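Note sheet for the following structure.
We call the chains A, B, C, D, E, F, G and H, going by the order they appear; numbering starts again at 1 in every chain.
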Amino acid sequence: MATNPQVLLIMGSESDLPVMQEAVDVLCNFGVAYEMRISSAHRSPVRTTALASEAANRGIKVIIAGAGMAAHLAGVVAAKTILPVIGIPMPGGALNGVDALYSTVQMPAGIPVGSMAIGKAGAKNAGLFAVQILALGDERLSSALQAFRAEMDRDVEQRDLALQAS
Amino acid sequence: MATNPQVLLIMGSESDLPVMQEAVDVLCNFGVAYEMRISSAHRSPVRTTALASEAANRGIKVIIAGAGMAAHLAGVVAAKTILPVIGIPMPGGALNGVDALYSTVQMPAGIPVGSMAIGKAGAKNAGLFAVQILALGDERLSSALQAFRAEMDRDVEQRDLALQAS
Amino acid sequence: MATNPQVLLIMGSESDLPVMQEAVDVLCNFGVAYEMRISSAHRSPVRTTALASEAANRGIKVIIAGAGMAAHLAGVVAAKTILPVIGIPMPGGALNGVDALYSTVQMPAGIPVGSMAIGKAGAKNAGLFAVQILALGDERLSSALQAFRAEMDRDVEQRDLALQAS
Amino acid sequence: MATNPQVLLIMGSESDLPVMQEAVDVLCNFGVAYEMRISSAHRSPVRTTALASEAANRGIKVIIAGAGMAAHLAGVVAAKTILPVIGIPMPGGALNGVDALYSTVQMPAGIPVGSMAIGKAGAKNAGLFAVQILALGDERLSSALQAFRAEMDRDVEQRDLALQAS
Amino acid sequence: MATNPQVLLIMGSESDLPVMQEAVDVLCNFGVAYEMRISSAHRSPVRTTALASEAANRGIKVIIAGAGMAAHLAGVVAAKTILPVIGIPMPGGALNGVDALYSTVQMPAGIPVGSMAIGKAGAKNAGLFAVQILALGDERLSSALQAFRAEMDRDVEQRDLALQAS
Amino acid sequence: MATNPQVLLIMGSESDLPVMQEAVDVLCNFGVAYEMRISSAHRSPVRTTALASEAANRGIKVIIAGAGMAAHLAGVVAAKTILPVIGIPMPGGALNGVDALYSTVQMPAGIPVGSMAIGKAGAKNAGLFAVQILALGDERLSSALQAFRAEMDRDVEQRDLALQAS
Amino acid sequence: MATNPQVLLIMGSESDLPVMQEAVDVLCNFGVAYEMRISSAHRSPVRTTALASEAANRGIKVIIAGAGMAAHLAGVVAAKTILPVIGIPMPGGALNGVDALYSTVQMPAGIPVGSMAIGKAGAKNAGLFAVQILALGDERLSSALQAFRAEMDRDVEQRDLALQAS
Amino acid sequence: MATNPQVLLIMGSESDLPVMQEAVDVLCNFGVAYEMRISSAHRSPVRTTALASEAANRGIKVIIAGAGMAAHLAGVVAAKTILPVIGIPMPGGALNGVDALYSTVQMPAGIPVGSMAIGKAGAKNAGLFAVQILALGDERLSSALQAFRAEMDRDVEQRDLALQAS
């Protein structure tokens, strides 16, 4: 983790780490400094509130919050900051993340959370969405994103060619 | 409302009033002092936290929280008090309360919320559940509840007799 | 199990035991005397009705009922007692507990059940919710709950610190 | 209603009457004697249990039970009789009958309920299903059902011809 | 299988056999003669139609039909007979039986199907429901069902006693 | 309707007419001869089977089938013809067409149905899909479809321009 | 793959191959020339658009598109061609294909996609549906389909006979 | 609309205007220049692609896309730009926006869309989320957002006080 993080990642529980790692990997690949914390909306509400309230003053630009079941974390964080908050609904539990999705995306008017898909795809996209926001003020990231898109396109093409050749 | 409320009702928005009124009516009928407040988990997080934190010291015994969509209110309140918190998922919105139900009932381990049904039936039952909790230490309420149950039974019987006679 | 149980746990089937154990563990940790019974709303209706009807006279304060699929147990029990009844929807079956959730939480007006989340998280919270209700009249439990909350908070902090150090 | 009813219809609430009437109309059309009662699994459990337990001795052959939300009525009745019990999930409430459907159809092994569709179509079919069961031992009903089927077929044909002619 | 079957079981695919076996086991235990057939509403429509049309003349009293996904089997069979048809929605596929449940239970007015729960619990109950229907005209089955109910009750009691003793 | 219809539309009930009309309007606009019939999979199974079996010999090229609730019509028709069958799940009923969608689209392997969206949008697209299939062997329809697409594009553009000007 | 393919299969990701193979197997069995490509609506939008736009001129008659989660592929392809497009919703992800189903089948009016069931059954049926469309102008395929239907019927009969004999 | 828009709003259909207006109102209140366009992913794919591709060069910073049913618009736009894309699932249709929600939020890994709630609450939050992103590089917007939050808090307080006084 970095001295001057631009992105703060908060997860509600240690068990969310494998999913959150997808977002971290993206930030690492783009050379974006981040800080990753464990803090629960319910079990450590004071520390969660503090993390959210102080983020902007510490130079954080974007917050990514991931939680499962009745996933209040992203909403609770969003209520305490005007930084953009990206939510990742965690899979698992009997409803396998539909509860987390509805708890994250169906925010009432006034306090927005930008929700990603449930689970690892959502976590990877959370990292990319954070980079896309940061790239609005960062030429280097903007170029890196364009290269990433071109690389994705080439990767699909390579797999397609391999399939044709098989 | 009363000088020494035993039940604190919090709703996320003024528009939840017609549903919350069902709980209030029950408390009135049983002569239970209550206080009803509007405070949002997202739009007024500081006041919501304060209401929850101070409730026990003010003599409150049970909290009823009603909210819609990504209904974080009951969970946010429950995280700041050890009083029993009863949640009422509000209907409305495109998902008509399924989102509020999942956001209220699917609380992760550690911070319980006792969820009622979506809407007015849930609100009435929230009032009754609060009375049932208070009745554990209040002989008068215990008797009143037994009378209420007998009355409900008689009411069903009357309607049944009327149907037979029709 | 204890001579003068304060909490009665009823499960519809032996197969619900691993989930119910989460509630039992909480009660044990808080030193709350309990009794755990197997009785089905459908397969042993007479004994279920008797358990519910006699609970208050035996000194029971709170009932926790867990059942799966068309989970009628909590509602059937609640109809025969004015004690607070906490429902745990069991996971499993083709719908993995959504049926049990709706059958437990969507109680019609008049007979409340306080529903927890589906499965183990819900069972643990059922135990905690029972303790929170009992703590209204028990200073020792009230202090123990506050200590439990502080411990949960510290536990999250420890895990967060470990993550920062890793 | 009739002196020696063969079919007992029970509804959980007076408000279910317009839906139950669809079943009654079918029974009337087929000349099947019936008795219709209001009794709730939750609000009048003793009377509901008695209705179910005594049905067989009174000469009842089939029971039709309709209830909404966490619809325990059909299951509670089925637990107290070995007569075939047909369930009608009532529409209405925030979930518009999905809760009633799951609470009616997802009965655990041991106590069957034959569930119909949610609402009026289900109620009409409940009446027909009862007649089909009774027809196993009643030549007149068997003939009447065959005539009813032929009439339905002709009715579709008439509508089709009218459409072609329009 | 028996010379003069009273119950006809039809499954849409060989893969449904482990679920259907639950119904067969019940029929065997109650000494009810049955016939079990594989026939698909879609892949062998002529034979399915014939099985349904001829069932009554062959002395069949009740038909049990189990199918998965867009489970049309029970409805297609019911359209060709006035015998009571019991549907078992099969689990499996991406929707794990919710599609089969809706395709079985949501029959339009006119042609009833009595739907059981998804999967093995539903299949066991299908067998029991068939026996309950047959018991209306069979004293022996009526007594056997009462014994079965008493046995189930005792079984729950035994498990409860074992739990108390553990 | 036409002497040599290329498209056969079947609806399960007269009440489906307003939705089916959307498909008819498309066929009219493209000058495709059609025949529209009312026939139910359940209430008039023999005529439904006959309509499907004889369609190919009568020169029909595509069948469009619309039904609601447990919508077996498209599947029953598809089982009796090798012509492409397009299904329209009808809205309405307590589940508002989710049941019809699952009953139409989740066909088991072997007998395909091409499902459209629930309701009027699906019906319009059913007409267009039929035209697209017919256009494979009909130059005039192919040109007409291209013109239709261009017109749709222009229509969006006009509305966009109007919005800019407002 | 073939020199003059009649069917173009596009999948959004290499991981969809095991499902798509079911469609390919059908085309092979019927001797229909096909081309299978990997191209994503999101990661390689230009190539996806080109594949769709050029398909008709290359002699393609039918396009089969399979994708998962927010499955835009079939719709994006359908927007760029007047050939019939068949969609296969892929299972997997936290919602196991319900998201892919809704994203595929719920196309707004104007651009139809014929959706199959989620997963392998849907893929097999996609292949069959393509053959049924091609058979409208190909006597050989028409005969082959009739033979295939007869074979399926016989196969069910064989399994039924084996069950009777067991 | 403005000469140098910072936010581009695209809706799939004119009928989405009342919902989109909620986002526009927010942008107006914050003095953010915007451009609102009608363009469909399916009916005008070329213009949609052009709008997305050229947005960054025209100085657009954030894109808001709203569409209903199988809502591909946000994903199709996101695939053609590295600007942050915010999706608004439109309510309406038989599934009332669940289809649009899944089609918007469940984006596969690689191309993120930040999804808001279904309907007007989501649209208002989309406007706010865009402002929060723009505020990262705009001191004036940052202050305005803080004022907006304080105003929301005060508004809740006023309504609470009015309720206490009533």
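Rule of thumb we're sticking to: a contact is a pair of C-beta atoms (placed from the backbone, for glycine too) under 8 Å apart; a residue touches a chain by one contact, two chains touch by 3 or more.
In this text, all values refer to a predicted model and were calculated from it rather than measured experimentally.
K.L.:
Applying the document's contact definition, name the chain pair with more C-beta pairs in contact, A-H or D-F.
P.N.:
A-H
K.L.:
In whole angstrom, how far does the Cα centroid of chain F sit from the Cα centroid of chain G?
P.N.:
Centre separation, chain F to chain G: 19 Å.
K.L.:
Can you work out the whole-Å distance between the CA centroids of chain B and chain E?
P.N.:
Distance between chain centres: 43 Å.
K.L.:
Counting in whole Å, what is the centre-to-centre distance of chain C and chain F, each centre being its mean C-alpha position?
P.N.:
52
K.L.:
In whole angstrom, how far does the Cα centroid of chain F sit from the Cα centroid of chain H?
P.N.:
Between these chains, centre-to-centre, one finds 35 Å.
K.L.:
Could you list which residues of chain A touch at least two other chains?
P.N.:
Within chain A, residues 40, 43, 69-70, 93, 95, 98, 105-108, 110-111, 117-118, 121, 152 contact more than one other chain.
K.L.:
Taking all chains into account, which pairs touch?
P.N.:
Contact pairs between chains: A-B, A-C, A-G, A-H, B-C, B-D, B-H, C-D, C-E, D-E, D-F, E-F, E-G, F-G, F-H, G-H.
K.L.:
State the interface residues of chain H toward chain F in the complex, per the touch definition above.
P.N.:
1, 14, 17, 36-40, 43-44, 46-47, 69-70, 93-95
K.L.:
Mind listing the chain A positions that touch chain H in their complex?
P.N.:
22, 61, 82-84, 86, 101, 105-118, 120-121, 124-126, 128-129, 132-133, 135-137, 142, 145-146, 149, 152
K.L.:
Where on chain C is chain A touching in the complex?
P.N.:
Residues 89, 91, 96-98, 101, 117-119, 121, 152-153, 155-157, 159-160, 163-164 of chain C touch chain A in their complex.
K.L.:
For the complex, which residues does chain A have touching chain B?
P.N.:
Contact set of chain A toward chain B: 12-13, 40-43, 45, 49, 67-70, 72, 75-76, 78-80, 93, 95, 98-99, 102-108, 110-111.
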